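Structures follow.
Heads up, the next two complexes both have subunit A, just with different partners, subunit B and then subunit C.
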Partner chain A sequence: MIDLIFAQTLNGLASASSLFLVACGLSIIFGVTRIVNFAHGSFYMLGAYLAFTLVTRFGPADVFGFWGGVLVAALIVAALGAIVEIVILRRIYQAPELFQLLATFGLVLMVQDIALGIWGPEDKLGPRAPGFKSFVVLMGSRFPTYELFLIVVGPIMLGLLWFLFQKTRWGTLVRAATQDREMVGALGVNQRLLFTSVFAFGAGLAALGGALQLPREAVNLHMDLSMISEAFVVVVVGGLGSVTGAYLAAVLIGIIHAFGILVFPKITLVLVFLVMAVVLVIKPYGLMGERPVGSAHAHGPVEPLLLPASFNIKLIGLAALAVLLLAPFVVADHWLLTLTELSIFALFAASLHFMMGPGGMASFGHAAYFGLGAYGAALAVKWLGMPMLPALAFAPFLAGIAGFVFGWFCVRLSGVYLAMLTLAFAQIAWATAFQWVDVTGGDNGILGIWPAPWASSKLVYYYLALAICVAAILALRVVIFAPFGYALRAGRDSPLRAEAIGLPVMRIQWIAFIIAAFAAGIAGALFAFFKGSVFPTYMAIPRSVDGLLMVLLGGVQTVSGPIVGAFAFMGLQEQLVKATMYWRFVLGASIVLLVILFPRGLVGTALAFAERRREAEPAPPVTAAPELAR
Partner chain B sequence: MLEIEGLNAYYGRAHILHGVGFSMGRGEVLALMGRNGAGKSTTMKAVMGLVPPQAGRVIFEGHTIVGREPFEIARLGIGYVPEERRVFSELSVMENLSVAQRPKREGAPHWTPERLFQLFPNLGRMRDRPGGAMSGGEQQMLTIARTLMGNPKLVLLDEPSEGLAPVIVEEMAKTILALKSEGLSVLISEQNLHFAGSVADRATIIEKGLIRFTGTMDELKADEAVRAQYLSV
Partner chain C sequence: MDRRQFVSGAALGAAALATPSLLRAQSAPIKIGEINSYTSQPAFLKPYRQGWELALEQVNAAGGVLGRKVETLFRDDAGKPEDSVRLAGELINAEKVDLLSGGFLSNVGLAIADYALQNKRLYVASEPLSDAIVWAKGNRYTFRLRPSTYMQAAMLVEEAAKLPAKKWAVVAPNYEYGQSAVKWFKELLKKAKPDVEFVAEQFPALGRIDAGATVQALEAAKPDAIFNVTFAADLSNFVRQGNTRGLFEGRTVVSMLTGEPEYLDPLGAETPVGWIVTGYPHADIQTPDHVKFRDAYKAKYNDYPRLGSVVGFDTMNAIATGIAKAGTTENEKLIDALKGLKFTSAFGPVEFRASDHQSTLGAYVGKTAIKDGKGVMVDWRYADGAKYLPSDAEVKTLRPAG
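For the complex of A and B:
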């Protein structure tokens, strides 16, 4: 038993090293640029793929061939990071946080297809590292020397990074900029250069982490998202911006993983995220982190108030509804499927908007509640033998209960921390669906969830879905403009003042969280019957990002925004999937472009445009772009 | 050396500066005076490019600086000491100084940490102390020292005496006069007429984003109407 514990500890420490490198890069980049770089897992993956190619080319058996390949891979990715920063990020530093996040997620999609195009869909098995091919016997178990090497790499890198940040001018500048980047600029430091170098450095670290995994595990196309969600956990547990914290957290997570496999092989992921939740409840800003100082949100346009729709917009809404009602008499049958799906996603987007807009709580993991709604319906049909309508009614409660539990933790945090925690909870939900095969069917999902006979025609199901979705969206709208909605927005805009006048801000946010989860659950349940099956992917990160895209594309400022966004996004995606095999790349590139061109979303931009035209006197430009505005 | 004309600045949609204009000569100490919220800090930020001006001209030694980035403006030789001090609290005194270090500049005094420690002996005794663990007065000295590390020709000092004990305020006045004797130009924003009078050659008064008075310190002291209208609380 002792030797098993020992072996698992070593295992955990070995896997901690790469995780540390990736998380550390993520943390440094966030510290200086305030960008949560979703694409950091992609740099990790690129590092691994490039190392595979280079090592194979340079000669895997040769010491220089192998280690040279690893280093060159990291350097190439660092250079790519610099290019990404210069070409894309530089244009969006002024955009709101979530738009930046979306842009980096666009990069994730682009890199996925680039990797697919270059290296193909098969896993790539790397060579073993020259000099580290043997085993040592430690306390009775055989242990690869490469694992021991990795264990040593962690502390060595920690030491090197410590030296870099404490003893060099560049490190001093980075630490200063992490605290107050504007002041660093006013003291004559070229911020652009600093940002580019920080981004390149972080990307290089991630790539090094990926390249070092080469002898350990096969390189594949899913490395990016699995790594980024773990790196988020490490960064949040360790404390944003803290290198030592990232190391401690990486070791903690690595070891929990290793032991989890031993103790609860089915729910290792759940264990990891539970630890994260516990740490965050005790130390909300992570083991070594500190409460972010004010300036974290100082940039980006202030969100305008949420105003009720004007008479014109209401008319447009009614007209759109009429079009949707009459559509079945005009369009071909297969269009009904598209319209059904659109209605469902409009509700999904509206539920997310309810949290993000009036609630001010950005969720990276809203798909969890969508997915739980879908699974709720499927489980009700499969295990309880419920017919469609009762199952539809039951399902949202599963999502609502999850919102009740997860929300309790989430509303204790705010901003990026809250968003990362929602992501973690979504991963728990996903992992449960994925790993609890007996109940959920795991990766194979649950099949045969069909609507009741009376609703099985495309036409009837379309009207059913449309009716439920429109009713739910209107209900959300009523809540937003009811006293509860005003209290919610008061809590978002000035939590302290709202507390002072006696509003229980946290409780209000919690209730909003539950409502949003419930509404997403309705959408999920409708989706389950629509597709006839449910899969864990319904709750995976990309689906959560789809939701974010819809809301942000439409703009958080208006209630109609997310609906427009849902239609725009689903339409775009559908066309792309039809048009090209590399639709992810095109979609990713479009997201990046949209963020650069419309930093306030489609509806937000249209409103601003209308407002500018209405104003008699030439309005001052909203942001720092005098030439553009004039 | 500095000429400002028709400077307009906004925070979002709020129009704060409505055409500020004044000029400064080499080696001069000019006091920018006015009540709370008059626009003193905003004027300095606009010169520094921290609040990008939407209209107007700012010419520093023949260079037009509107539209340039703060770091470029700093490199031309303008040093900025913000009102809120903004010391890097996790960096030591020495590290705070090193962040701002720039190469020697023609026509401006050259500062090294050692020279600065002669000017601010207190700082020399706490080289390794983190900025966050210093008193308000010490932090104020550190921000000025930090800005001087860039070897500026012109220093924008935003309310240097604010919140300091009378003894320290006196020290501050001496420091400013010492900088003047080195040939530096200093623009200080100030509400305290007594303090301004002890260091400045001229004063310019801003109110609601417009310049209302410009003249020598003696002229201002003599003009009771102006003082009553724009300065008294």
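For the complex of A and C:
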């Protein structure tokens, strides 16, 4: 037994090293630039692929060929990182918080197709490292020397990084910028150079992490996404911006993995997220993190005031609704399927926006409530024998209850920590649906959830979905402009003052969380009957990311943005999938382009533009209050 | 199969396309809506699509089916069942396809199958391995080509039962395919050899195996033999750690799908020797049907076929043969024609069983070996799918839909 414990400890330490390098780069980038870099996993994957190519070219048996290839791969990716920062990200630092996430997600999509194009679909099992090809016998079992090497690499890199950040001017600047960016800029430091170098450095670390995996893992096209979620967990568990914290967290995750499979072999799906949830509930800023100094909204434009729609905007809204109502008489039958789906996604996006925009609580796991709504409907049909309408009414309560429980924990945190806790809960919900085969059917899902006979025609179901979605979206809108909505925004903009005038900020946020979950549940239930089946993918990470993209693309600081974003993003994706097998590249490139052209989201930019035009005109009448942010 | 003789391998291509027979096919083409996870599973599905397009080209060069050209609309579901349902709706309603085909992941296949039932459309599932697709959730509108999880497990159990091993360990990806494979393997092996016991189970998350720790955990249980269900990158990582740590020394490993070129080729010189596997020894199968297929494939793509190529090629041919037999694309009649349909696959003659709509396509069972630094299968035999399927009477209890 003792030898097994020893061996598993070593295994955990070995797998922690690469994770540490990747997470550390992510953490530094976030600390300085406040960018949640989804493309970090792509840098990791590119590092591994490039290392494979270079090492094979330079000669894998040769010491210089191998290690030279690994280092050159990391340097190339660092250069790529610099280019990405200069060409894309630099243009959008002034955008609303989290907006840059859109651009990095566009990059993820592009890199997936580029890697497929360059390296082909087959996995690449790299050569073993010269000098570390064999094993040593430790306490009776064979242990690969390369794993021992990795165990040593972790602390060495930690030491080097410590030296870099504590003893060099560049490192000091990075730490200063992590603490207070504005102040560093005010003191005359070249921010542009600092940001570019930090981004390149982080990308290089990720690539090094990928390249070092070469002798122990087959390089494949799924590496990017499987690494990114784990890296985020490590960063958050360790504490944002803390290199030591990242190392501790990586070791923790690695070791828990190695032992977890001994005790609960099936729990690996969710283990890391359970750990993260526990850590965040106990230590809200991670193991080594500190409460951020200064305002959470340290950069980006000031949140514009949300105002009820003007007459003109109401007209536009009514016209759009009329178009949707009349569409069945004009367009071909099959378009109704697309429109039904888009209406459902519009409600999903609007529900996420409700907590993200006015509530100021970004969620990385909103799909949980969408999925729970879908499962609520499916379970009601399968296990309770409910007909469609009662099932539709029942389902959102499952989502709402989850919002009630998860929300209680989440509203205690803020910013990215809150977002990551929502992600953890979403993953736990996902794993439950995936693992509880007797009730949920596991990943084979629940089939045969079709609408009642009277609603089964495309036309009727379209009108049903449209009616429910429009009603729910309008209800959300009413709440935003009701006293509750103002109180919510007060809590977002200035929690201290809101508390001072007697608003229970945390409770208000909790209620908003529940409302958002409930609304997402409505969308999920409609989606279940629309598709006829439910699967764990409904609450998987990609669905949550889709929601974020819709909201951000439309404009998080507007009320109608999410609806426009849902139609734009999902519509674009659906059309591209039909048009080309390289839809990921085209979609990714379109997202990047849209982000640069519309740095406040589609609606946000349009409104800002209209606002500028109005300001250019001679003194407008007082009644036409600033038309920002609808 | 006059059509196939008519188009002898190398004579394909541009010349064949220009034959007048095509021009005579004046009525509207027969449309097949083919949905698959092309972008998320490219290693299997790129060869699949190439195999499909080869068969399509041959069918059309021979004048199409019922005097009509055959057309395929390829759609990418990106590995999401909900997207596959949307695409199925789009293909049927907008593109007016005559039938649906495809599906790689089991849940995608099940989603399309349920959609097919609801909309009364034929769906020919090519790859999804789940037993549910023809049994527990089987329906009138769904047929499946590839040998299922049950069949492949049964083929391996036949070999495993001959081994002296008593203590078994299993490692499988944690999702339906892995769980079912383990369930059937245990059940069938216990039936064949009641004195076996299973001493360790590992279920790493798909695509995320922590190979070192997994190998160590299996090693600690000191099994006599191991049943492996991991594949793709998980398999490569598992094998490398297992080789270095000596997990496979003195133990027999029985392994699902490992002999398929998609998963064997990346292993290269790392290929473990002596594993008992199901797979596809493409270079060594010299039956006339296979040689003709392989030559045509090599001529068109300048590459050897993978198992995906075979599945794509066979699915397309099965559909074409079925339509020719039915004499119509009217779905209800087409389904009646597919029940018990005999067609020629690259592995020889097979049929869609009338009782459960499963084809009797088999797999090759053999041992892994290394030849010139590459993984190959040796001592293989063709395991005819028909022998590894439950009888029609048993199917009645497994398949509520009848």
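Before moving on, here are some points about what is shown:
Throughout what follows, the second predicted complex is superposed on the first by the 574 of 630 C-alpha atoms of A that agree within 3 Å, B and C clash if a C-alpha of one lies under 4 Å from a C-alpha of the other, contacts with A are read in each partner's own complex, and residues count from 1 in each chain.
What we mean here is this: contacts are C-beta pairs under 8 Å (C-beta built on N, C-alpha and C of every residue); 3 or more make two chains touch, one makes a residue touch a chain.
Everything numeric here is computed off the predicted structure, so don't read it as measured data.
When both complexes are overlaid on chain A, the residue A:V281 reaches neither subunit B nor subunit C.
By the touch criterion defined above, A:R169 reaches subunit B but does not reach subunit C.
After overlaying the two complexes on the shared chain, residue contacts for A:G188 are found with subunit B alone; subunit C is out of touch. With both structures placed on the common chain, the touch criterion links A:A332 to subunit C but leaves subunit B unconnected.
Of the two partner chains placed around the shared chain by superposition, subunit B is the only one that A:D180 touches, whereas subunit C remains out of contact. When both complexes are overlaid on chain A, the residue A:G445 reaches subunit C alone and has no touch with subunit B.
By the touch criterion defined above, A:A471 lies against neither subunit B nor subunit C after alignment on the C-alpha atoms of chain A. In the superposed model, more residues of subunit A are touched by C than by the other of subunit B and subunit C.
In the superposed model, A:I118 makes contact with neither subunit B nor subunit C.
The intersection of subunit A residues touching subunit B with those touching subunit C, taken from the two complexes, is empty. Within the complex formed with subunit A, the residues of subunit B that make contact are 10, 12-13, 15, 48, 50, 52, 54-55, 67, 69-71, 74-75, 80, 82, 86, 88-91, 95-96, 98-100, 102, 146-147, 149-150.
Listing the residues of subunit C that touch subunit A in their complex gives 38-39, 42-43, 45-46, 74-76, 78, 80-83, 85-87, 89-90, 93-94, 106-107, 110-111, 114-115, 118, 130, 132, 137, 174-176, 179, 201-205, 207-208, 210-214, 216-217, 219-220, 232-233, 236-237, 240-241, 244-246, 262, 265-268, 270. For subunit A in complex with subunit C, the touching residues are 4, 7-8, 11-12, 14-15, 112-113, 116, 121-125, 134-135, 141-144, 147, 216-218, 220-222, 226, 257-258, 261-262, 265-266, 268-269, 332-334, 337-338, 341, 434, 437, 442-445, 447-448, 450, 458, 527, 531-533, 535, 537-538, 542, 574, 577-578, 581, 583-584. By the touch rule above, subunit A contacts subunit B in their complex via residues 169, 172-173, 175-176, 179-180, 182-191, 301-302, 619-622, 624, 626.
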